[in-house]
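The structure that follows is given in the form of structure tokens.
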């Protein structure tokens, strides 16, 4: 599991007095930083060397989030041949407030084609698989 | 169908030279403005009167989007008793680049409870249902 | 003058019921698109060819902005040897609501050095100088 | 001084391979959270009780920022009768990369009028004034 703590910014609160749904897209992306460091420790982002493209994201909004710190917990959920899935959960004051997934594809931006995930990367990702008992509360 | 044209901003392009996934969350939200005007023509956003809460969003990233205008086409996809679903598609230069959905629940922020969608709103939403033949290309 | 009309997104409204200050940074950047098309009509963004780097921005918040369309008017304000200044104004329902500037430097990202603005670009920028009588209302 | 450490998100890097200018507007806003806790420890954001409105922000972009952690240092710079100024600096790997200011006005959103800063708040803000020797490097 990766865990990051996010301090919302003032403008993340929308006219309904709670955190706007778009903030979760930003926060879950921030929560993938430790995972990005697994696939490319140099964190150099360019089309020549960066190996991941986003295929899918989804978000379930379970409880309203307030203007307080939020913990984002992330797990590797599935490791396929050419893609893998990350699960994210947003927790605030002991409550699961949002959950979602991101499907990332191993990709060559020069040829615009997906490609197999190297075995070494698969092994490192496997170290962050959600433990069997760690279901959502 | 609702159609809005979005001019990406410079910073929507990420280090891979294409539009970052989070921009789609912003653009699809902007594309819901005509729909918000159906449920509350005054567009007054506050917890006393605003009737919608977001329950779910998802995004499929089909083709890379470039730093050019993008058309967002939106349809009502499902009208339930207390919630409805909006479909969004992002089109650029004749190609479907991203698609997604938003599930919105009729909600009373004073009591924190969902409530039935008024019949008049249902009728207006029904005028924007995706026509049977309008499947994705 | 360049003019673009922005439809705020729901989440641009913050907990005070008005548009959050950060939205203006996004909108003024979007308003620079026609200007970016002057300096590089291909709008290809990369470190090899893109000629501009941001040196300064500022924002004066004059009147609260509501969840309605906003017009952003932009002028070239100053053309120097290696940099130029753009002025932006946000207008809503006949009122100036925000104003600001961006200073952009002609730049070579390969050598990390500023460079003179080509004369042809200067001429094109000069076509968008604020007319002498066009002071703020 | 307040200090917060920001982990940029992937999409904060723009097509030039460095952090986009708009990210600084978000980060400086996040860096004001400890200050917001001074003026209203409940951090309840609504038009009935929230006492601050933004009047001005500015940003100087001094050095390019990379996809690495950034420290935002904030100081109170000026305490007037009805407004005060906050200075922010973004530091990365020992270098000042961006600096800016925010002018916040004590405000009554019910009457839409500025009002004097309470003496107790002034005293608390004064505890975070930039020390005389702490000029920018």
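Observations on the structure shown:
When the chains are written out, they are named A, B, C and D in that same order, and each has its own residue count from 1.
Rule of thumb we're sticking to: a residue touches a chain if its C-beta (ideal position, glycine included) is under 8 Å from a C-beta of that chain, and two chains touch if they have at least 3 such contacts.
Since the structure is predicted, the reported quantities are computational estimates derived from the model, not experimental observations.
When chain centres are defined as mean Cα coordinates, C lies farthest from subunit A.
By count of C-beta pairs in contact, C-D exceeds the other of the chain pairs B-C and C-D.
Subunit B and subunit D have centres, each the mean of its CA atoms, that are 33 Å apart. In whole angstrom, the spacing between the mean C-alpha positions of subunit B and subunit C is 28.
Between subunit C and subunit D the centroid-to-centroid distance comes to 22 Å (mean Cα coordinates, whole Å).
Touching of two or more other chains is recorded for residues 9-11, 13-15, 17, 21-22, 26, 29, 45-46, 67 of subunit B. If you check the complex, the residues on subunit C that touch subunit D are 14-17, 21-22, 25-26, 29, 45-47, 50, 53-61, 64, 109.
By the touch rule above, subunit D contacts subunit A in their complex via residues 4, 7-11, 13, 17, 26, 29-30, 32-33, 36, 43, 45-46, 67-68. Against subunit A, in their complex, subunit C makes its touches with residues 9-11, 13-15, 17, 20-23, 67.
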